[in-house]
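Please find the structures below.
Two complexes are shown next, each including chain A; its partner changes from chain B in the first to chain C in the second.
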Partner chain A sequence: MKKIIKVLLTMSVILITAACAGNASGNDGYPNKNIEMVAPASPGGGWDLTARSLEKVLSEQELVDKNINVVNKPGGGGEVGWKYLKSKDSHSLAVNSSLVLTNNLLEQSELTYEEFTPIATLATEWQALAVPADSPYQSASEFLKATKEDPTAVKIGVGPGLGNDDHLSLVQAASEFGINPAELNFLVYEGGGDVVTALLGGHVDAVTTSLSEVKDQHLAGKLKILAVSSDEPLEDLEDVPTWQDEGVDMVFPHWRGLMGPPDMTEDEIAYWDKKLEKMVETNQWQKVLENNDWEDFYKNSEETKAFLQEQHDLYQRLINDSGLLDN
Partner chain B sequence: MKIRWPVPLHTKILGLVGTLLLLVISLITFMVGYMESREDVSNAESLALQTAKTISYMPGVQDAFRSRATLEEMKQLTEQIREEAGASTITIFDRSGRIIGMAQDETASKKEYVTASGDEVYKAVVFGSSYVMETGSRKEGILKGVAPVTLDYHDYKKVEGVVTVDFPKNVIYSEILVDIYKIILAAGLVFLLGIVGSFLLAKSIRKDTLGLEPFEISSLYRERDAVLQSVKEGIIATDHYGMITTMNISAKDLLDIRREEVIEQHILDVLPSEELVTMIQSPTKIVNKELEYKEKIIIVNTRPIKENGRKTGTVASFRDKTEIKKMVDALSEVRQYSEDLRAQAHEFTGKLYVILGFIQLGKTKEAIELIQREANIQEQVSEMFFSQIRDEKVQAILLGKYAKASEKKIRFTVDEESSLAPLPEHIPLSPLIVILGNLLNNAFDAVKGCVAPEVSFFVTDLGNDIICEIADNGNGLDKDMEARIFHRGYSKKGTNRGYGLANVKEEVYSLNGAIEVSSSPGNGTVFTVILPKEIQEHNKRIGG
Partner chain C sequence: MDVNSFMEGLSIAIEPINIVWIIIGGFLGTIVGMLPGLGPATAVAVLIPMTFGMNPVSAIILMAAIYYGAMYGGSRSSILLNTPGDGSAIAATFDGYPMAREGMAGQALAISAVASFIGGLIAVIGFIFLAEPLAAFALEFGPAEYFLLMLLTLSAIVSLSIGKMVKGFLAMSIGLALSTVGIDTQTGIYRFTFGSSHLSEGIDFLIVIIGVYAIGEVLYNLLSIDEQRKEKKKVGKVWFSKEQWRRSKWPILRSGPLGFIIGVLPGAGGSIASMISYTTERQLSKRSSEFGKGAVEGLAAPESANNSASVGAMIPLLTMGIPGSGTTAVMLGALIMLGLRPGPLLFEQQPETAWALINSMFIGNIALVIINILLVGALVKVLDTPPKVLYPMIVVLAFIGTYTLSYATFDFYFLLLFGVIGLFMKVLDFPIAPLVLALIVGSDMEQNFRMALTSSNGSFGIFFSSGVSIALIVLTLLSLLYPLVVHWMKRKSQNKHEDQMYKSS
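Let's turn to the complex of A and B:
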């Protein structure tokens, strides 16, 4: 009995000390040690690029005086990295995207976005529907009409897996147009590059992918982008209509953001709001956006929280309501 | 008043233990049952999912999609898988909803229920997800595992079909029921054991209480307490640690214990006499041992309480010897008076015979002289005793003592200056007997062997006090003796005596009086007793 009391006492002392220390560090100023930037993918991917860009700009613009280290935790469509983040303290942040929502909705992960602290939404890419240069479909509406008539006849390339934004954007567009997504003929390729290769090789009739994958070929005339998922026509691609122009009421960002482990304090969140707000204004960051065909999509923590909620509801409908959003 | 029938002990214990056990066991049964059923359901869910996934990956199934096999060709394969998994229905669809393979058990095929709707497989077809869902009516619920069949065409993959595996929920429920039945059986066994245990407990308690019910014990206890408190003898009982378990009012009075709380106190803290404590703690019994305690002599009896040869406590009883002694003394004093009077009567008879002899011999003159002399003496005595001393109690005592003195040939005189009105009521006879009787006896003893033994008595009630003086012409006392004579147990007359003067002192003090002695060797002794005529409660004189 005495032993137990002793252990309990010791534990409470440690806890109190820890609590004081935690408090002290909060007052002394956050961050008080190196920052860990988790990219939940292997080096070279979009998430890795986002993480490294953040590290570079934040450090070089001297916005954060502590070292920032990028850590790659690939696997499970981001799940490995995010699980890792969940076990860390507030000095670790992770890059995220819509997968943090869809993984759970598609029953591939137990993690939900609500288990993390939203920090910011940083940038977005837009989705593109592309066809070969000599395609019979001259517009997105023509494509959809033909697909509606005989869904199995139109082969659509997507990669690297079903349920990603490339896939979902077209699922949503098809739904809006009154096509049952279950009837769409998706061929799943290894990655974005393979999809374009398949398109150029004439193996598929159309592809849905990130704009950056097809933009150069479109400009070179090797293929044709029928629609982009942005809300208004894009720079350099003024001739390409948006889905809204084509009569499909849809804006589909492929966003990337930043989130922290659970239970970050308001001070810590405010710190990142301040720093990231400054960062997105810098020329260096604007340059990064330009180089990657990203668009500024900055939302602070508060806005991001609402945005995630809104996105979650959208995806939930998209995935669970067996297509046909109108019905 | 409401009459409450006493509930027997075993009913009480059985009722309480039974209720508690029932409560605890049913709670545990419910919780375990709940957790078991949750686990059964989750096991069934993962079985459904894993079976669906496994089938979707099976080369045979994948080949069937590639070769566009028909229902009949797939029949054997799916039936085999269904048997092994224990599912009710396995269905393999292609994208367009055409059934590629299907196997049903007998009950499922009879019901002809819809095997799958577009909604159910939507997520698998469109997004390639695997999942478990619950379908069917509430009565005949089905746990459905759904997995996509994804074919790898080297360059790309494509979801070509869906596998659904149905497990009827009632099979799961019957498994749960079997589990719960086992749990209830075990709980029932525990309950039974508890009942048997409490029955044995009740029996064992009854054995400890000599078969008495608690209410009987309490009434016995109260009775015993009343008996103890009503007894004149002081009684103390202690446990083997020396803690007092019982002490009656008489014991408190006798041992002069003022504190209220004595139960559960240690005797060492309560009793001021170490000797008494030693006696109470004695391992053997003590019978009628006398002990001096606070100016009193008490008679102590102790008896150890033994159980299986081991001492578990002691009972001690006390009586006040002083009281007994006083009674005996007073009794013997009274007897002494009657003896003395008989002796006097005898002497008179002798004298009457002498007078008769004189008359018969015709010696009238001598006879008359004798009568005159005796009458003179009697007159003188009555003059002496009855004219000045008008209190009858003192008269009686003095007359008795006079008789004794005359028998012992001691000259006993009452001072002519004496005067005493009848004594106030607060001075009764018995202390007077003790005080005067003892002092006079002592004086008679002191003059024994003297040439002309003489004892004189003086009393006066002038003023506020009654003052008596008893003087003898004996050998007197030296200073050492003078200091000790009032102590109990001191005597010149041998052992087990010496209570006389101590008793005298006690009686004098109890009447708020004082006693003094003045003596010098060779010149005799004078005892002076001073008794106040009125009781002065607030001004008690305390002798030294």
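Let's turn to the complex of A and C:
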């Protein structure tokens, strides 16, 4: 038995060293080896789909001539993958989203967005507030008024955790309307699907979630979307008002982007600016956006840097308002 | 049911290329199901890049075939090696492994394939006629009902621990304690993670299953490897006897619909379905004392239930776009990439796609029962493999399976830790299933309990507020008290007996 354990330990040590081995390289003609696209999530999730779509379009449109490999590093709301990225060279990039900001703001991670090199913002989804088809609230302003009168009486479903965009988008709407968001009554479900099931079954009064989770249900008349967080009405959903139409001054993107390890050179950043700018124009990428109900949200590295800064300040305010850090 | 779309779906499903996909998927599913740690979710995820070039209908047919194929395969290693490949195959170890040890491995493998087949067929027929009303029924389940369903599942621990109740409950408590590790979804607070981001999403129950069962079994056998019995184990016939069929027939027919209904509930799935069906059959059976020692119906019932649950899990996916299990969640992601969006509009806009899938499951189950029965002869040879070859192979597979769960070598430490825990549990004669079961349902049970109370503003009345919840409470009480009642009746009849003896003397 001792022997077996020894063998097992040796095996794990070998695997760990193999996984950690850094790849030293010179910089003549970037990229000079395979590109690694880190999806900080399990296969099948949103980040994984983003990474795989990037890999597919960049390779098939022959924009990048080196191989691109998707690597899954799930755990800690992205933290495991991003920590891994931090230890790699400029041939590794990772998919990100607002979690790269909020993990730290929520005091769940030491990593900050400033430790990485912003590469691009690629696409966004919009947030939606939905209620059952026969709900007493037939508009977002009715919903907010009722909530303002008695914040605890309205049960709101959200998933998979407080502090995410689903949660914070409603926090922002509520505080713009003069409601103390810390008083809202949230039930936290495991994921977007569970939230929708709970709404359809009448176990919650409203849900705040990604538009794609509720769009088909709305079109099928099973539930009603009261407001979307986009800046203008969306295709197929012309009858659904934006928050701005409802008198709440906010636009809330649920964006996805790409970042690199610390200390990438200007040439390397410029390389990706050039490639990604071309990629987002291709029909194939447009098709990816359409299939996923995403919208083009391309910003180059420079714009992304400023955008992240601005988002960081916004999230800081929202998380303070939400009361999540009080307990 | 719309007959035109049904026929159109059937004609798509029997296109030669789709039949090929069904067979490939079913075979692949059987294989991954058999290997400890490699489950259908991993298999589907690994195939995602491959499905990119495929027609979306073929892709969904292939992925579904892997899913229910894994339900057939999962029990193979439970029966032969006492190492379940997945949560839903745990129940197959209770009686399947004892059967194999008594030289009935062939019969056990055959009856479980046939049970899976019948369960699958019942579920496909149920799907055709009941998809919509059942989807509506699933929506009735709120946090309170889910909590009670998990409680009912946990009550199975009582019947799994007969004779060693204290040890059973200790194992359950450890499982429940382990399930609290990780982020608490209601508050976002990290519990017992010791600052490690690897622990932030909790301890994956699959690592625990692989550890306590596979590694634990290997270590346990290592203790006695040198005095390993020389005599060749009999593998028995590869078909079951009439008597075995007579005993299994009704349990299979009862467990099919039961598993199907549980499978429809998002978040419940094969583990819960097979466990509830096992407990139910044990309590209904006149031979309940044989359960756990190689009762054929104790193997057949959960096998029928978990396969029908995997078909049932397709209902919320297809009718509402809501994934009911880990595997269907991965499938949903892959299908969206292909531009096929399951949901309430699917049956209206692309009914032929939905019906092609349903028909393919019909064909797939027929293909799988043939594949699995043909494999019986080859699989029983595993028992002839010398332990010094077999056990190292299991260890390697266990490590590979663990790595594919989250691609982290960190998990290996857990695997070894739980292997040692499994060894001690076996040596000290603790039942293992209560630990694993408690870990599987623990976290959902806690979260749903708290969500229920939040939504009722703290009133416990919510647990008695619907017909479904009251029915679940009654079932749980029956399940908990049944062994006591039996015990009490026995004592009473014994007393009577003694009284009579006393009087007559």
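By our rule, the second predicted complex is superposed on the first by the 293 of 327 C-alpha atoms of A that agree within 3 Å, B and C clash if a C-alpha of one lies under 4 Å from a C-alpha of the other, contacts with A are read in each partner's own complex, and residues count from 1 in each chain.
Methods note: a residue touches a chain if its C-beta (ideal position, glycine included) is under 8 Å from a C-beta of that chain, and two chains touch if they have at least 3 such contacts.
Please read all numbers here as calculations on a predicted model, not as lab measurements.
*Asks:* Taking the superposition as given, does A:196 touch the first partner, chain B, the second, chain C, both, or neither?
*Replies:* Touch partner of A:196: chain C, not chain B.
*Asks:* With both structures placed on chain A, which of the two partners, chain B or chain C, ends up touching more residues of chain A?
*Replies:* Partner touching more chain A residues in the overlay: C.
*Asks:* Just chain B (first), just chain C (second), both, or neither: which does A:163 touch?
*Replies:* Both: A:163 reaches chain B and chain C.
*Asks:* So in the superposed three-chain picture, is A:91 touching just chain B, just chain C, both, or none of them (first/second/both/neither)?
*Replies:* Neither: A:91 stays clear of chain B and chain C.
*Asks:* Just chain B (first), just chain C (second), both, or neither: which does A:182 touch?
*Replies:* First partner only, chain B.
*Asks:* For A:256, using the defined touch cut-off, is the partner it touches chain B, chain C, both, or neither? Pick first, second, both or neither.
*Replies:* neither
*Asks:* Under the stated touch criterion, which partner chain does A:171 make contact with: chain B (first), chain C (second), both, or neither?
*Replies:* In the superposition, A:171 contacts chain B only.
*Asks:* By the touch definition at the top of the document, which applies to A:320: first (chain B), second (chain C), both, or neither?
*Replies:* In the superposed model, A:320 contacts chain B only, not chain C.
*Asks:* So in the superposed three-chain picture, is A:53 touching just chain B, just chain C, both, or none of them (first/second/both/neither)?
*Replies:* In the superposed model, A:53 contacts chain C only, not chain B.
*Asks:* So, A:312: does it touch chain B (first), chain C (second), both, or neither?
*Replies:* neither
*Asks:* Please report the chain A residues shared by its interface with chain B and its interface with chain C.
*Replies:* 106, 108, 152, 161-163, 185, 187-189, 194, 198, 203
*Asks:* Within the complex, which stretch of chain A touches chain C?
*Replies:* Chain A reaches chain C through residues 1, 4-5, 8-9, 11-12, 15-16, 19, 42-46, 48-49, 52-53, 56, 70-77, 79-80, 83, 106, 108-109, 152, 155, 159-163, 185, 187-191, 193-194, 196-198, 200-204, 213, 216-217, 219-220, 222, 287-288, 290-292, 324, 327.
*Asks:* Give the list of chain C residues in touch with chain A in this complex.
*Replies:* On the chain C side, the touching residues are 41, 44-46, 48-49, 52, 138-143, 183, 185-190, 197-198, 200-201, 218-219, 222-223, 266-267, 316, 320-323, 329-334, 336-339, 341, 343-345, 348, 395, 399, 403, 406-409, 412-413, 416, 444, 447, 451, 454-455, 457.
*Asks:* Please give the residue numbers of chain A that touch chain B in the complex, ascending.
*Replies:* 106-108, 152, 157, 161-163, 167, 171, 180-189, 194, 198, 203, 319-320, 322-323
*Asks:* Which positions of chain B touch chain A when the two form their complex?
*Replies:* 95-96, 118-119, 121-123, 125-131, 150, 153, 155-159
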